[in-house]
Amino acid sequence: MATSVLSLCGLSKSFAGHRVVDDFSLEIGQAEFVTLLGPSGCGKTTLLRLIAGFEHPDSGRILLDGVDLLPLPPEKRQVNTVFQSYALFPHLRVFDNVAFGLRLRRMRGEELRRQVAEALALVQMSPFADRFPGQLSGGQQQRVAVARAIINRPRVLLLDEPLSALDARLRREMQVELKRLQRELGIAFVLVTHDQEEALSMSDRLVVMAEGRIAQLGTPREVYEEPNSLAVARFIGEINLFPGRVAERLADGRLLLALGDQEMTVAGKSGLAPGQAVQLLLRPEDLRLVERHEEGMPVFHGAIVERSYRGSTLDTIILLDEGRQLRACEFFDEDDPDFDYRVGERVRVSWVRGWEVVLADEE
Amino acid sequence: MKGVCRLGFFLGIFAYLYLPIVILVANSFNANRYGLQWDGFTLQWFLAMAGNASLMEAARHSLFVAVCAATAATLIGALAAIGFSRYRFPGRRLFQGTLMTLMMAPDIILAISLLVLFVVVGISLGFWSLLLAHITFCLPFTVVTVSARLQDFDPFLLDAARDLGASELQILGRIVLPLLRPALLASWLLCFTLSLDDVIVSSFVTGPSYDVLPLKIFSMVKVGVKPEVNALATIMVGLSLVLVLLSQLLLKEREGYGPLR
Amino acid sequence: MKSSGRTERLVTVLVSLWLVLFGVVPLLLLVATSFFAQDPIDFFRLAPSLESYRQLLDPGYLQVMRRSVQFAALTTLLCLLIGYPFAWYTSRLSRPARVLVLVLLMIPFWTNSLVRTYAIRMVLGSQGLLNQALLALGIIDSPLRLLYTDTAVVLGLFYLMLPFMILPLYACLEKLDYRLVEAARDLGAGFLQTLLRIVWPLSLPGVYAGCIMVFVPTMGLFYVATLLGGARQLLVGNLIQQQFLNARNWPLGSATSVVLILMMALMLTGYWLVLRRLAGRRRQ
């Protein structure tokens, strides 16, 4: 990325001998929305605290606009944080919380009032300027925390699980809000979350972290549709796995796979050699419950063990005759709005050629 | 029925706690010297009290020591609490253990151990020995009060302040001290009361040159009823009433902020 | 936190020094004194001696110790019997009522304890309010001798120590999840069973804390014994005061207080063990 604003180069950090962040490198572009996604303990919050300056890395560099950040204490870094707990100062009113950063820079009077009013308007909290944090709801506190963090015009805004304390409806609302804010401010946002839906819907780029390292880096679509490992696939979305083996590499470079006693050909992929065990990965929405399957595609026989109506989709659990369970998720379409299954009904499961992801079986 | 029982229970306990005090206060206005019956309203005992020079001197001494001890203990205790909440060091648990022991130990143990110390070190018994002793037995209370308050803080508040550009000094002045203010005032009031209330420690560590109120009262009432003491006691009851209400107001103020987290 | 590290270290060191100087060193000196020889002029002589501990075993001395423990135990029991329902009822009150009850409890607590002891004396005196009331009601014909009795001392000790029992109990009971009580009732437990099987076991830390706060300090309250019990040696506190301020026998006074310290240590250890057991249980 040519206009990288924040560069993380080979960052490592250990606590009590345990490596929490391990040789981590990442470039973050101007006005980019990057999400760090991972299970708790994967090092994502530590990474954020390294950038903010609350922790010091054991090795590696952090550059902001090409300037080394490491010698600077947190208060001197042009980076601000929205804390998970919001960390609003309980003894200060909303206005004074937001004005805190400006007052430290000795701003007074009309200019201060104007900027605070602007920030509050940006997060739609103008009517609440005289309240104490304790008198606000969770969503309102969240907005104040954002206003307080952006008033110093940081180059990068760090958000540490900012939505985790909100209920589902409010969370979705704030996701849209944050996205809008990021577009309006035009600065880079680095969001830490363990909520994959949040990560998929908000980010320009997504960093899936595992054990302090990048497991996969890409756009949400890339990560969801082409996960590069079973761990990433498992972490993001639901999956169905079909175990198999590479039977041979065909002349045109494609691979012939053996799935039990069935065979199919898939596009060639580096790193896969004949004889190697693989897993075919299919999302529930990729599976088709069919009467007639495509020529050359495998088909699996089983029976419906559970169906649940979800409004726009019909979700089913299928017990295959060979003993494994699959999850399928089918959209209602206009041709047949009433399609449904009985529990116990026999079905055949297949998918559209090319929708499968072939991964080496690491386990 | 259950409600009546409960109310009766509360009333009984409070009657037991308050009746002696009420009688004491009433008698301080009673013209009958021995409080045997109501002989009419008088302020003569208050005048007698004000005229008792040695009693007044003891009262002045007590107030002075209480103010000094409360101020010093609050200051030291607050610094200690802030230091200990943010700075990990070996012996931290030992420190906490010592504090708890100081707080739980019977006054008389503290009193004689300090007496031994003062005599061994050669500090003459009087104002300074008294003050040092009072600061010492107040200290655990201030550390505990302030620490409890500090633990209520969202630890990220300080990070947030730094993140927004505050230096250590600015964090102390703008965040920590304002948030601690109710706790500081409350612990000052508590120390002031503890110091005024103390009989046991004072009776060991002060000397004849520096008589304080509890000792003066003790020696006066050992033998019988003294109406001047009634008058003085009434004033002290009034004082503690004011102090309790004040500290309650301080707690109220804290609630005004809403939950801290 | 690097920039402030030095200041914090300095403060920490200074306060630790204060605590060592005025908390730990005096205690060690006290214990040391108890092992020195007695000397009526210089308080003690710098010669090792177990004489004081031998004197502790003197029957007269032991007698006072035993009575002192009895007084303290009786006071603790009385405080617990009255304080427990008080704390329980209070914890179940509405918030404003709770604040009111606690403030009403704190006002006497913040009032000078000597003044309060003196007030009790006025009530109990032969011409005091209690006797006058009993006479007026015709319950008795002649004034009872209430003052300078053991009963008066226990009533006085109870009066002074009650808040020390109630506050830890209240702190513990207030945190108790009332849904546990409801669950017990729902499962068929009566009032007594709920109390014995649910509330009491869960409040044990508060009970122990309250008992420690009452039991040992009670034995030191010499002025209560003097004002309400007369010029007799009733409490360990009186013994210590006597040895230090009148008899100038510091080693004996120190040895007496070492006994008190040991009792305290014993109780604190018990308390700590209980807490640890409860914590361990919670972890499982």
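Going in written order, the chains are labelled A, B and C, and every chain counts its residues from 1.
Methods note: a residue touches a chain if its C-beta (ideal position, glycine included) is under 8 Å from a C-beta of that chain, and two chains touch if they have at least 3 such contacts.
Please read all numbers here as calculations on a predicted model, not as lab measurements.
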Contact graph of the chains (line, ring, star, complete, other): line
When A-B and B-C are ranked by contacting C-beta pairs, first comes B-C
Whole-Å distance, C-alpha centre of chain A to that of chain C, is 59
When centres are defined as mean Cα positions, the distance from chain A to chain B in whole Å is 56
Chain-centre distance (mean CA atoms) for chain B and chain C, in whole Å, is 17
Note: chain C residues in touch with at least two other chains are 3
Residues of chain A that touch two or more other chains sit at 73
Shared-interface residues of chain B (touching two or more other chains) are 167
Residue set of chain C touching chain B in the complex reads 1, 3-5, 8-9, 11-12, 15-16, 18-20, 22-27, 29-30, 33, 43, 82, 85-86, 89, 99, 101, 103-108, 110-116, 118-123, 125, 127, 129, 159, 162, 212-213, 216-217, 219-223, 226-227, 236-237, 240-241, 244-245, 250, 253-254, 257, 260-261, 264, 268
Listed in rising order, the residues of chain B that touch chain C in the complex are 6, 9-10, 13-14, 16-21, 23-24, 27, 34-36, 76, 79-80, 82-84, 86-87, 89, 91, 95, 98-99, 101-102, 104-110, 112-117, 119-120, 132-133, 136, 139, 167-168, 193, 196-197, 199-200, 203-204, 214, 217-218, 221-222, 225, 229, 233, 236-237, 240-241, 243-245, 248
The residues of chain A that touch chain B in their complex are 52-54, 73-76, 79-81, 83-85, 87-91, 100-101, 104-105, 132-135, 148-149, 152
Seen from chain B, its contact residues with chain A in the complex are 154, 156-157, 159-167, 170, 174-175, 178-179, 256-261
